[in-house]
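Paired with chain B in one complex and with chain C in the other, chain A is shared by the two complexes that follow.
Showing the complex of A and B:
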């Protein structure tokens, strides 16, 4: 920032601070308003005609190019009839949809809609045909059995997402994303809808209670740092090997140079 | 001081240390050893300490490992975990896994020592690797040190075995996956594979015996072999003397450097604690092998990013690089060439590295002893062969992390694999040619500097108006370093006593031509004198 002669009004040195404070108050206020979820959700009635109409408008403006005006699908995108509210909430709520470009898989990016708009879109799509619904709060708040969740996670999820949820590679440039900062709702929705290359884990395969346990385990990992110190990305022996060669042996070679240099 | 006791026995006035030394010497004869060893000189160069790094990290491994044996239980009996790590509470696992978790969470200092043991083990093998590269590229394996190279390389293999058996002990998911790969490799060997696997595991994989057996290997047999071989290896360093780089006053018959006692021993002692400190710092700050994430072994799950520790990576990479479809049924038997080819390729590579000193000696036909270390550029073909070997190994090694390369550099897995396949097959040749040319170019540069001195950057105008740059002549020490190396010429094919030229001789002459056809001879005395006269 360059200092100018005028030091009043918007050029005042404290203007930035004031602006930041103002911004924080607004975002904080908005966050508080939104995070008291019941209030926000109460405004969006899943079955009201108004919600569905609003959702339809948003859909036709933002999604219809690829999914078709009636969500029936086109050559560029699949039909969304019967994918359910959970699918839309996941794809749009994590910023994967609307997709930036066609590629091996939809990339995460900043979310394009407000929470209300995401819900309106979700209930519009849900109105087209029955599908998985957005999960109830008690299933996604991490109040289950972490040990059972960990075991289920290792058996069903770790081969792609890695035991510590650090993510992993798939074929043809696709990948399983890291789960280190995914919300409980989105984890649940991913399990029931199987986005991108992920298989669907329906309620017969993994019961809602078991899904809650898996989320509990992932929340445990998110909330508790490794007891052993820095995790090195939780990538396992590759990161450990790189570390010992570059930093471990590097430090020690520096010491050998120091020891032998002193005598000269 | 308590000199009173000694004064009563001996008439002369003597210090306590003198008396104590004599007491010990009369009973052990230590003086001879100290006189002999203590006055031995040890040449000073940072790269000569890499072997010591390996030795000292091995000491850390031994001490921390001893602590772990107090608490680890090598049993595969099933228990329900009741320790303090919440996400594993009540989970069924082997006693081995449960006791490793107890070491990590319920024994004071346990996790720190466990991490120290693992980090020190990684450092141990890495230091051996770097030490071997130093020995290779400076030609320190030449007569009389060929056998010691073999001992050293055997230590490298033993260290890998130590590492792998240790990696498999906690019986967590990662170690079980590693064992499953070994099991698959063993079963891929025709005829004896299945029987051998059943022999190793005491039945069908994973069985209930393997952890106990690996434990015996890990803490008894392998360490005993490693300690014995280290003793022999270091013993031969004393017997042969250490090699040294060329310099004024440094002859093949002497060894220039500080004596072991007191300077060198003091430094080495301090160095041990520095290494200990570095390992302790790393262990205190960085997680290694978080078995609590991996959970107990179960043959069905395999985690993404499952890799062996770095030193086994090249073998894992070799398996990953094999294209699909190399396993087929023939004569009613399954032939797993996807496993056999990497096994054979790695086997050949290991044997070639093991016997390289003998190959080079045979090609050169050189029966003299060599105590002056080569600068890598002065043995261009050897250095190029080394670079080719490093590239081959590095390609296999990188392949073990193909999935991590793919995700972290936004590449496709297939692209990474194909690129590394090319690296492993074509890369060594490219590395060979580039390295050889670089070595020869560096030798040429050395010649130029010896003959004409450094470019000083000082421009002088001569009386006639001509501008020249003054070249700074080398001092004698620097020149010595640049001119004292041996240059070999290709062997001539000569008929033997019977007047015959054998096939062996022709082969040898061919290899010799390959080795020494392109060479830059060191500057001779005559050239030096005429060069000086000509220029100034």
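Showing the complex of A and C:
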């Protein structure tokens, strides 16, 4: 009796579904347990051999096609020897690398690696030659002098990135991206390394403290809305002109039609 | 509809020979050829709902005076807002509130009057079409003759045509009269200096160190790594008591370091750079905007105002846009202590063209 019952249970139409669900829960649980294990390991040690080995593996699998097996560069991509951890952390950490396609400039997209993998890649490339390192926390947390940062930003950055950090056009399809939701670390790394066509602003041009002030100013812009009301993207006269052409003139045309239409 | 006082009657009297008079009003000054289209006249008058329905007429009337009352409310609110949201502190937020609420009040006041008047006209004032003919502009034949006679008589009595020497000297005096106003334009430039000299020279001189904008800290050649762009002012500019902005407007320089193998230099300017470090005026040769949108790999410099592009690798020649001349190059060298210095002033005037520029 029990045997037939069990057999009937095994043949129950929902048995497959139940088994699948069980399997999925088990696999998922095991994955969660394992991956939380790696998170628990936390801080990646920049100098450990293991980090560099992991980074090298990731590099050879994902980057070597263009940058060469030893990061020496090929016809399709520059040498990465001496670009430093900051450069890799910026390019990979903002999703610009691996590059989606050849074009005027590498575009931002969803990040392709976990934070740990980005760090492993960065420290592998840093181990190939000396270069700018990933900045320390106190330089990028926005705790500086926003007024000084604003002056430096207007002199060094605003001509391309717009005084409100809204970005702008460059030559031949290139553009300076908006800085409205870029993290402090990435802003700092971009200044030190000069990604794409951006010039380098090394520590002798803009000191680390001044860079911190620039980041503070950008954070201030991110956190405080413009006191002037509706910003229209902070793009200046073009956006404002377009707005008034479409909505201002549109309203005038509509009112004119209303005034001259016959009343019923 | 009310007609104005010139309803074309005086013209109709003059032109009564014209045939097309069967519709209301006269032809005015219109020229009507014989083969003209037949005037279809007015469409049949269609009464509005407010003409037929007393209830709707009441409602329209209510709408109109409500709009006018809203206008009064808006004006009163604008006055109240001026007092309720004063700009007393240095707070930008207070200015914003003050502007916004006064603006809303005034907008309501003006739109209330405007929309009320239009609604009144459209729904309640009479809607019957009529033609208000344009009245003739010219006077009668006799008036015109009279005017000519006045001029002829005045010419005869004054001798304007007869006494040619007097007439010509008067014309000469009138032509010369505006010249002092032209001369006064000279007063727009500083009185004790020659404007052409001012436009031709900047603060740069032999041995002036290149300094960082805005701090004024001098720059060493070794500080300028490849791919860098430095915004540069002459050393000593920050200490100027007078005319600091005027000097900066002429002397602003962009300093860049390129890989020397990518730099194509004119033979007579090879000594103007230092190991791939070049310095160019930041003032566009088109209309003087600051050109500083530098791309470190293409070596393009873009002017944001009118999209002129300069090729830094190729002595800043114009590769696109309205600028006609390359950006002037500042000849630089390195002094004993490793600081970048200017070899001389710019060898040509910076910025846009002017009359005496050669």
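Methods note: the second predicted complex is superposed on the first by the 219 of 264 C-alpha atoms of A that agree within 3 Å, B and C clash if a C-alpha of one lies under 4 Å from a C-alpha of the other, contacts with A are read in each partner's own complex, and residues count from 1 in each chain.
Simple rule for what comes next: contacts are C-beta pairs under 8 Å (C-beta built on N, C-alpha and C of every residue); 3 or more make two chains touch, one makes a residue touch a chain.
Computed from a prediction, not measured in an experiment: that's the story for all the values here.
By the touch criterion defined above, A:217 reaches chain B but does not reach chain C. In the superposed model, A:259 lies in contact with both chain B and chain C. Within the superposed three-chain model, A:173 lies in touch with chain B and out of touch with chain C [touch as defined at top].
Looking at the shared chain after the overlay, A:197 reaches chain C, while chain B stays out of its contact range. Within the superposed three-chain model, A:101 lies out of touch with both chain B and chain C [touch as defined at top]. Look at A:147: by the touch rule set out above, it reaches chain B but stays clear of chain C. By the touch criterion stated above, A:75 is placed in contact with neither chain B nor chain C.
The partner that reaches more residues of chain A, of the two candidates chain B and chain C, is B. Judged by the touch definition given at the top, the superposed model places A:248 against chain B, while chain C stays out of reach. Within the superposed three-chain model, A:234 lies in touch with chain B and out of touch with chain C [touch as defined at top].
Counting contacts by the rule stated earlier, residues 151, 155, 159-160, 168, 170-172, 176, 227-229, 259, 263-264 of chain A appear in both its interface with chain B and its interface with chain C. Partner chain A is touched in their complex by these residues of chain B: 44-50, 53, 86-91, 104-105, 111, 115, 119, 122-123, 126-127, 130, 173-174, 258, 263, 267, 270-271, 274-275, 278-279, 282, 284-290, 292-295, 298, 300-310, 313, 400-404, 406-407, 410-415.
For chain A in complex with chain B, the touching residues are 104, 146-147, 149-151, 154-155, 158-164, 166-173, 175-176, 217, 220-221, 226-232, 234-245, 247-249, 251-253, 255-257, 259-261, 263-264.
Note for the complex: chain C touches chain A at residues 46, 48-50, 92-93, 95-96, 100, 118, 122-123, 127, 212-214, 219-220, 223-231, 256, 290, 292-298, 300, 302, 304, 309, 320.
Listing the residues of chain A that touch chain C in their complex gives 151-152, 155-156, 159-160, 168, 170-172, 174, 176, 194, 196-202, 204-205, 227-229, 258-259, 262-264.
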